[in-house]
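Before I ask anything, here is the structure I am working with.
To keep things simple, chains are lettered A, B and C as they appear, and every chain counts its residues starting from 1.
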Amino acid sequence: MAVTLAELARRFQGRVRGNPELVIERVAPLESAGPQDIAYLSDKKYFPVLANTAAGVVILSESDASEYGGCALIVTDPHLCFARIAQWLHPYPVFTPGTHPTAVINSDSRIAKTAWVGPHSVVEDGVEIGDDVYVGPGCFIGNHVTIGARSRLVGHVSIGDRCSIGEDCLLHPGAVIGSDGFGYARNGEQWQKVPQLGRVIIGSNVEIGANTTIDRGALNDTVIGNGVKLDNQIQIAHNVHIGDNTAIAACVGIAGSTRIGKRCTLGGQAGITGHLDIADDVHITAGSLVTSSIKQAGAYSSSLKAEPAEKWRRNAARLHHLDEMARRLTKLEEKLQQQSEEHEN
Amino acid sequence: MAVTLAELARRFQGRVRGNPELVIERVAPLESAGPQDIAYLSDKKYFPVLANTAAGVVILSESDASEYGGCALIVTDPHLCFARIAQWLHPYPVFTPGTHPTAVINSDSRIAKTAWVGPHSVVEDGVEIGDDVYVGPGCFIGNHVTIGARSRLVGHVSIGDRCSIGEDCLLHPGAVIGSDGFGYARNGEQWQKVPQLGRVIIGSNVEIGANTTIDRGALNDTVIGNGVKLDNQIQIAHNVHIGDNTAIAACVGIAGSTRIGKRCTLGGQAGITGHLDIADDVHITAGSLVTSSIKQAGAYSSSLKAEPAEKWRRNAARLHHLDEMARRLTKLEEKLQQQSEEHEN
Amino acid sequence: MAVTLAELARRFQGRVRGNPELVIERVAPLESAGPQDIAYLSDKKYFPVLANTAAGVVILSESDASEYGGCALIVTDPHLCFARIAQWLHPYPVFTPGTHPTAVINSDSRIAKTAWVGPHSVVEDGVEIGDDVYVGPGCFIGNHVTIGARSRLVGHVSIGDRCSIGEDCLLHPGAVIGSDGFGYARNGEQWQKVPQLGRVIIGSNVEIGANTTIDRGALNDTVIGNGVKLDNQIQIAHNVHIGDNTAIAACVGIAGSTRIGKRCTLGGQAGITGHLDIADDVHITAGSLVTSSIKQAGAYSSSLKAEPAEKWRRNAARLHHLDEMARRLTKLEEKLQQQSEEHEN
């Protein structure tokens, strides 16, 4: 796509500094951008890179604009503006609607005329696929699944019976929606499976990363709110609810029936145990484990950072005697207190 | 399915209180159950919900039965009874045996007449698939694999050459059985692959969650006992043995050659390093790391729980000086002891 | 395959002790090897097993050779020699080149005449597949992907548009290469997707485990060096660089833009946060979290080891008051110091 700087400024509410007729074709990183590229300054620490960039245009904030002499698009939020321009200049490839001859599609399903179902995908009974939906190769869409308009299944996505995907969602390869929750009743030494009869209900504008798994509810549903962003390899157990616009980094595990609020962020490899309530606007650092409900917005952590192993081993060994250390400390305090008192008397 | 309360009581060894001719069609949660639904009380804290339920029947223990005036099925273990009734009222959909025309099946394989192989599945050479087995869409069954009667591969399951699945197993999408173990010999700066020649042998009545991976043994086999339940996104390395009826929650990793006993439970995101022996009836809490063998049944833990990040940062920083703190504490004790002795003299 | 011991010695630079005409057919573990098998001693603790082995030949180091009276292949590095012999005696099955009739292949792609594309695989536009490449069943190869000679995609592998795989690579089922990185700009309460326009570039002789995911770069590329070994269920975020011959165990997560040096090893479930630089020859223990750059080669750790839960609970509880404990300790030291001074005066 090719567009003038003036047109970009008009569409994305920026102010042009320099030649408005300059033609821009793509986004690029500051350090390697060329004369037909638009770049942006992500951090003031890149001022030296900015000084040497060959980018046709750089997106800058008002306050950084004076640091650069070249052609600029001056906006309130350069990162956000860059994201929008990038999406506009680099849209998903256009597809011809229809169904690939190798797709296996139950005649009972309703697929919008503007949708695409790719090779080797399977669409079962009673499925509804909305306008402009793209189902890539090798997907499995179970009975009575609904997929909202403009959603995109990149390929190798599996969606179990009766689950529902909202509009404008993006699901990456290996995502599994609607696998059984992990529910059993003890039966002596054995485990008796509790059938998982609920669904997964996914809102609109949700992104689900590669190999992320979301289990169906046991009796009620697992619910993912609008605008939720899930990275790769996340596990979401049965009956979990995730509030709107919460973003979860890779490898996080959330155990059954936990409810997470809106606008939360969970760092990579964080874990949240089951049956908890996490308030809105809670932020969990990478690698932390949450084992009780959180009522107050804010940042929470339990992660430890690596240090040289020999040093760590000595510190960690002491941790395994910390209770004893605490008792010894208290005893010393008492002893000293006693001495002071004796001394005074 | 529709069944009278009397029939449920007969099949599942309960006592009816109320109308034995009441017809039940499905299970439902206490709070949303209707007159044709059977629900159960999972915890005494739901007594208020019980009081207001519209469920046709509630499964109750003898001791809780007096808390409820409505129609009840009184049993020894309501949770177990509920699981069984749910499974009986909500069986897997019946399938017509055969093979989908798009399945690619080696003529050398033996597939029971009562089994189903779904669309786009691939069954290689010398495979044996037992009675009433269901192989969903997009599965890959490698050479000389055997799958026992009534096992169910939901779809998108991959089983490598020569692996064996017992009877009544349930494998969810994205499960990979029989990938290579991670074995290399050092060759200067490079790694020389050690061919992984063993198999994965899975017992009967095993459930394997979505995107769980089980590597084949290097020379000997990886072995999963009967009744083992594996949640999603678990990694089981080569030559691991897992004892009967052990249940493992999501995102657990078990390193090579470790042996885990019977009836163990591993919490989510727990890790177990390689070449360990874990006794029967060991329970590991979520997020814990086991780095040495465990000989005694019981609960083990090394996980920390998140607290407000600012507070945590201060505590964690001290941990990195704990060895020094311990030395200072000992020094203080010695000093005080010396003082006491001097004082006495 | 059948080969004489003399031939093995010649090929793999060993010295024969015993009958050079002995015919060997396969590798086997010391404890179960038979007269046509070659085994090796992995550790001196297995001397008792060695004494009783029925193996036709045992691979031994010069120093261990005297512990065994039977037929031996004496080499400098028995483990490495065993790995090479195993690979030579147990090669991948030979395949007939071509494309399975159910594979969907864009006419625009170039597939070497000696390559194989398996059933239900999809090869899109402009793909280049090199000599002797094996693409197993159910793979997806996106537009303009290149795959180097002799690489092997076991099956169910997904490679996104424009990614590149080197020569002699091995990719296991469920691996996803080139999914979108997790990049968003804040837009009020919502997240605006930053299009992920980079690629994944994978070197030669790389192994990628089952269900491992590697995201494409945001603007630049994600780069995996030559000889890198990735176990199962690893997550590698956008713009990560991994140096040659680094080996990463299962369930590790590496956040965006981090650079890892050469010859590093990362233990299972380790995590590395984003935008870090990790030097060459760094070793991270299992379950550790790295949150700052590491400039010096060596071992690093932050993991804790499980102990009986009751004991652990007491120690961990104290950790949440460690800052306070440290302050009390300092206060005691000061008090005692003061006393000493008073005493002296």
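Just so it is clear, a residue touches a chain if its C-beta (ideal position, glycine included) is under 8 Å from a C-beta of that chain, and two chains touch if they have at least 3 such contacts.
Here the structure is a predicted model, which is why all the values come from computation and not from measurement.
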Required minimum of steps from chain B to chain C, each step between chains that touch
1
Validating interface symmetry: for the copies chain A and chain B, is the fraction of residue numbers used by both over half? Same or different.
different
Where the CA atoms of chain A average out and where those of chain B average out, how many Å apart are those spots?
25
Which residues belonging to chain C are in contact with no fewer than two other chains?
102, 120, 138, 156, 174, 211, 233, 251, 269, 303-305, 307, 319, 321-322, 325, 329, 332, 336, 339
Report the residues of chain A in contact with chain B in the complex, numbered from low to high.
102, 104, 120, 122, 138, 140, 156, 158, 160, 174, 176, 179-180, 182, 184-187, 189-195, 197, 211, 213, 215, 219-220, 233, 235, 237, 251, 253, 255, 269, 271, 273, 283-285, 288-292, 294, 298-305, 307, 311, 314-315, 317-319, 321-322, 325, 328-329, 332, 335-336, 339
Of all residues in chain C, which touch chain B in the complex?
27-29, 32, 77, 79-80, 82-84, 86-87, 90, 100, 102, 118-120, 136-138, 154-156, 170, 172-174, 205, 207, 209-211, 227, 229, 231-233, 244-245, 247, 249-251, 262-263, 267-269, 286-287, 303-310, 312-313, 316, 319-323, 325-326, 329, 332-333, 336, 339
